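Labels A, B, C, D and E are assigned to the chains in the order they are written; within every chain, residues are numbered from 1.
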Amino acid sequence: MTLETRGLRKAFGGVVAIDGADVQFQPGKVNALIGPNGSGKTTFFNCVTGMIRPDSGSVLFGDRDLTGRAPHVVARAGVGRTFQLCRVFPRMTAVENVLAAVRPGGLLHGLRSARRQDETERAYGWLTRLGIEHLAGAEARNMSWGQQKLLELAGVLMAEPRTILLDEPAGGVNPALLDRIGTLVRELNAEGRTFVIVEHNMDLVMSISDHIVVFDRGRPIAAGPPAEVRADERVLGAYLGV
Amino acid sequence: MLIAAILVFPSLAPNPYILSSGVIVLNWAVLATAWNFVGGFTGYISLGHGALAGLGGYATGLLITKADIPSFVALILAAVIVAALAVPIGFAALRVRGASFVIVSIALVLILLLVFQSWSSVTGGSRGLVVPRPFPGMLRPEHHRAFFFLYGGLLILALATWWLLDRSRFGMGLKAIREDEDKAESLGTPTFAYKLTVFVVSAAFTALAGGLYALWFGDLDPVFQFSVLTGSYIVLMALLGGVRNLFGPVLGAIVVGIALEYFKVEFGSTPLHLVTTGLLLGLVVLFMPDGVIPSVTGLVQRLRKREQSSIREFTAADLAEQRKRDREGASS
Amino acid sequence: MSEIELVDVQAGYGRAAPVLRGFSVSVPAGSVVCLVGPNGAGKSTVLKVASGLLSPRSGRVMVGGKDLTGAGPQKMLAEGVALVLQGHSVFREMTVEENVLLGGYTLNDKAAKSRRAKFVQELFPVVGERWRSLAGLLSGGQQKQVEFARSLMVDPKVVLLDEPSMGLDPKATSTIFEQVARMRDAGTAVLLVEQNARRALQTADLGCVLDLGRVHISGPAADLLADPQLGELYLGGRPAEKPPVP
Amino acid sequence: ACGGGDDEGGGEKSGDPIVVGISLPLTGDFSEPGKGVQEGYEAWAKITNDKGGLLGRQIELKILDDQSNADRVVADYEQLIGSDQVDLVVGPFSTRLVVPSARVAQEYGMLFVEPAGAAAEVFNQGFKNLFYAAPAVADDHYNHLVEYLLALPAGQKPTSVAYAAMDDPFAQGTAYGLKKKLEAGGIKTVVDEVYPPNTTDFGSIAAKIAAAKPDMVVGGSQYQDGVNLIVALQQLDYQPKLAAFSTAPTNPEFDKAIGNKTEGILSPTGYSQDAPYASNKEFVEKFTAQFGKAPEEDQANGYTTGQVVGAAVQAAGCAEQGECQQKLIDWLHSNTVDTVVGPLKWDATGKPQGAHMIQQWIGNDIKIVLPADAKEADMVYPKPAW
Amino acid sequence: MPSGALLLQSIILGLLLGGLYALLAAGLTLYFGTMRVVMIAHSAFLILAAYLAWWTNDRLGIDPLLSMVVTVPLFFGAGVLLQRGLLSRLRPVTLTMMSVLITFAIALIIEGLLGYAFSGTQRRIQLGYGTESFNLFGARVAVVKLIAFVLAAVSLAGLYVLMKRTQFGWALRATIQHRDAARLVGIDTERTAGFGFGLGLATAAVGGTALSLDTTIYPSLHWHWIGPLMAIIVVGGLGSVPGAAAAALVLGLAQSLLQIPMGATWAQTVFYVALFATLAVRPQGFFGGRLAQRF
């Protein structure tokens, strides 16, 4: 399903964070969203996932209009996200953090046990793939920055959204592990999941993405495959530097 | 064990006074358990649950006196009404978090106090409301015994519900709200609906306890029904026992209930009982912020096992054990 | 002589097992030491110990030859040790101006303060542009720049940086690394923790790989960069394709 | 009726003391009057014991603190009757606490004489065991004043009145009893305010009263709210022809509290130290000896309660739980008891059949001015400016 | 329709009352907005200060305003001790919640001790000028109310300047927002937080004295104040001194005016109505510059 926005706009007082953005992400691909600090990437994610309400414009997910819907509605529609400043449940253990990402369906479903064996297994599986299984029983607040970042990622993956928005997944993550994450993203993508990744680590962006959208001052200035974007003069000027 | 204790207590009680104290302690236990639906799961500290109990009491009393409904039908109906009222109340109160929620919950008590005092044509105002006895011919000791069992049943119902929620996904969602509400929402938990639901459940149990109290006690006075102090005692009990534990609030209610009685006897003729209650509360907060049960179990665990390693030097055996424990948790 | 030196430090949190187990490092004046290592290795813990935020359980912290083990951050700052925390540590509900000027809290000279403020505004344009808005409302990267700017308000002898480039766009990253190089040239001792390891090691004089709370390997930064096995394990598989902008 | 089974005849031996159980608000909102009542009870026990006790047995008081709280008062009587097996119980202070505790006594079949349930609703709960040991219920406190005012010639009669009453059954009862009777007599009500018990700012109420400029102001007050209202009225420079407040003006600290601007303020009272009743002289004397101060109304109420119970015990010749209690109740229903507040008798609901005296501040002292046969001074009307 | 004179009188009374409310709420904005502490005991400290003012007047016969010479430093010290001894021991994660309980405990202790020392009797300072008033455009202004109002205005202005303009104010705000970062820029966070709390209690000393001039006090009176004061700071916006002042004036005025048609009891509900309305329309309060702590 295509995630796209039309004429999205959001201003905070005098600061126009997003300025009429028309963005279209490619379904089933790894998309990247890059741009200088303060160009509106996080705000864009917040608008898309319902954390803040855009001033105008619309957010479309397939044939659904998600504009201004509550975050949980967006999440249930199949859009998962991580946060730039990572957000974990501080006084829950790592496994619980991951298990908490399984959402109940209806009421009766909600009364089912939260620690079903198959789900616990799956949670462990994610922790293992992200290299933090040894922390399964540790409370999240006692983890290092990077460990929390990975834990948050595990949570989102556990929820199995069709489209996954990652806000700086590489921030503070060890480069060796980053390679593994890159591989993981490609694998999951092969299973049919769409990714939108905000990232400043150009090595990662260039190596895993199929499609790149470049933001500057709240609107896209370029979009295309990595090679094309890298060569774009506007991108060079606004973002990559001389 | 709890059930057994409830069953035998009345026959052991040496006189009706002890029995009536038992009823009061059970009333506290139900209130604290009901409070723990909100406080324990979502971490919203409500000092206003005393008001919900008062509302339940008044609703029961008014239904009996004004609408001539049989006592226990009125009790159930009152709980339903309070649950319905809890929807708009929760709607306003649960919009804010942390400190603001505490303020709102205090405001709830004060506003209901004003309303029930002023609206005397309906509520009897400060003249109070007399609730007719459900068992008119019954002698007083018998009356206490009957209510002791009624309260016991209600407590078990409340505990069972709490236990069910605690292990469910719904409960997991609520705990996620306690930890980080926005994150929970972004994971797809309809946080507001969850909070509201559990608030309504909590309000219903609180109202049942309050209604039962009205039937047992017979006299309602707004000043005592809508008192911040009641709500605070409930919180004290729950915290003292431990809010993350099924039996925490019950234990807290027993300890605090008895302590209040003891302080009263000991310092009865001076206001020093307030001081002792305050000191007790302060000590709990400072030294047992997680409650008695977790503090004690934590201590035992620490004595039994060596310190937990937080670094990546987990042996394979450690890991396997951890995993096994989690799986057992799954099947239990 | 080393400006700052940690000797055989054991440190940890609360009752848990120690995180650092006999860790030693020394940073001479006018040099950059880069600390790399996997997540949870204890890098941030090293910096917390060095800055006085965390008292070591055993071992010594020496600054300029003086034993300052167990001194608090205020004392450390007075001795010329400054730390920029990992993650976000702006004062969210204060303006950028207040944040930056608070960086010079210990300065008494008003003129010097405003001179430094002007300097950081020029260095990071966004700091000047958003001078009067609340710092918590800035984007992640902008906040990071404010933090770095805040730390530049004083002129410490030892600078401890915990992943200063995290979340920064390439331009701002370059500014930071340029600044680090400039500090070194001015004689400051810099202890740098970076996950952008290749880039950091290019700036650094010495490298130090930390794992499981101990020094795994240390040596000249260039040697570490060249070691293929080390690269595989700690620096990510791909060596940098081209040298960065100086 | 129901306590009978537990009666083990503990009180049969004449050597045993008669234990009287009481719950009183010794702390909390009603603690001040509560302590006054306590002194009254203690004085009664001491005076009676000094004279040889009741039925040759000494009186022993067992007093619990109910913290001014209805839950507690019930638990207290529960404990006194059920656990401590006292022989007699007498009432607590304040209407709010009387009703719940009277019910406990009723359900255990105990006589319940009380010193403080003055509001009318106490008597329509259908209690058969309850007796109020004072001359009149709240609604009748001002009866003598009503007679006086309505008898005034047309030119002098006040034409408009402002009422402000605390939202409390007793305080409101006094003001509204007067209001009903004055309205029936054709005197207009121009302001009618009710304020919550915890009100501390009376500026707005006073402003309303002052703006309406009535001839007379009536405060249905307890102590402190009365003081506050008067001060607020004085701050607004409002000068009525008559000002009547319940409870507050009879307090010994009243004159100081309002800055000695007391001249002409009226108050109803159920007790006067100078009242001519036979037992009163003894009471005042011995009380003063025991406590080093003269008794006030609260103390007198406690003492009166003791006198009433004592009279019933003497007449019935018994004092213990069980059948004896019904004998006591029956005797009180059909007899008159002489007390320090005069002879008392009760209707079937336990309501006393009398009226209060009216006192007025005259020349820095409070004096009885109504009824005419008990007066110590002439009523000053209209009252001078305050 | 109320007469013009009554309206004018009510407006004046309402403004004076609002000023007093603002002073009483000032400390709360400090703990709440800047320190994240829910201070239930604030009104208990107000009553304590009022009792001390009453006591000095009663025993020593001196003007209650002079008691501030002692109570203000005393309360400041108590605040420092309270913060250092109790609040700083609470875990940061649960600070808000636990502070509710611990300050509640303090309130109980104060109430109990006051009751023990001075009994439950209601007290009121007897001042020579207690009933004095002067005429202003036909309405009466009581001298004691005016004194309270002036005290309020002066203290609030002082507090505002202190928080916004002084080095200490900056350090305090920084300490609350990120303790480690504050320590790293050289702030003595322990001392600063202690002083911040002391400052809040110092306003309670001033407020309590102002309160004692024209009302009755009794040990359990503080419960009566909690609701309105909390409502004021929520409406004004947690942490905003000007917000609290504005909300206090508006609500005091509203209460005073509403008493004309509605009577004293119902008029009190204006606080709670305003509270709920604020939450529905603008949960952060009308002056609250607080960040939605979302991202």
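Here is the rule we use: contacts are C-beta pairs under 8 Å (C-beta built on N, C-alpha and C of every residue); 3 or more make two chains touch, one makes a residue touch a chain.
Small disclaimer: the values here were computed from a predicted structure and weren't measured.
Contacts with chain A and chain E are shared by B, C. Traced through touching neighbours, the fewest hops from chain C to chain D number 2.
When every chain is reduced to the mean of its CA atoms, the largest separation from chain C belongs to D. Measuring from the averaged C-alpha position of chain B to that of chain C gives a distance of 49 Å. Each chain gets one centre point, the mean of its Cα atoms, and the points for chain B and chain D are 39 Å apart.
Annotation: 74 Å between the Cα-based centres of chain A and chain D.
Within chain B, residues 114, 117-118, 182, 270-271, 273, 308, 310, 312 each touch two or more of the remaining chains.
Residue positions of chain C touching 2 or more other chains, listed in rising order: 13, 16, 38, 40, 137. Among the residues of chain A, those touching two or more other chains are numbered 42, 51, 83-85, 90-91, 135, 142. Every residue of chain D that touches chain E in the complex is listed here, in rising order: 27-32, 35, 167, 193-196, 198-201, 203-205, 207-208, 210-211, 223-225, 227-228, 231, 234-237, 256-259, 261.
Against chain B, in their complex, chain A makes its touches with residues 49, 51, 70-73, 75-76, 80-81, 83, 87-92, 95-96, 99-104, 109-117, 119-121, 124, 133-138, 142, 155-156, 159.
The touching residues of chain B, counted against chain D in their complex, run 14-18, 20-21, 24, 114, 117-118, 125-128, 130, 139-141, 143, 217-219, 221, 223-224, 264, 268-271, 273. Of all the residues in chain C, the ones that touch chain A in their complex are 13, 16, 37-40, 44, 86-88, 126, 133, 137-142, 144-145, 163, 166-174, 195-198, 232-238, 245.
Considering their complex, residues 32, 36, 38, 86, 89-91, 94, 96-98, 100-102, 104-109, 111-116, 120, 219, 223, 226-227, 230-231, 234, 238, 263, 265-266, 268-269, 271-272, 275-276, 279-280, 283, 294 of chain E touch chain B.
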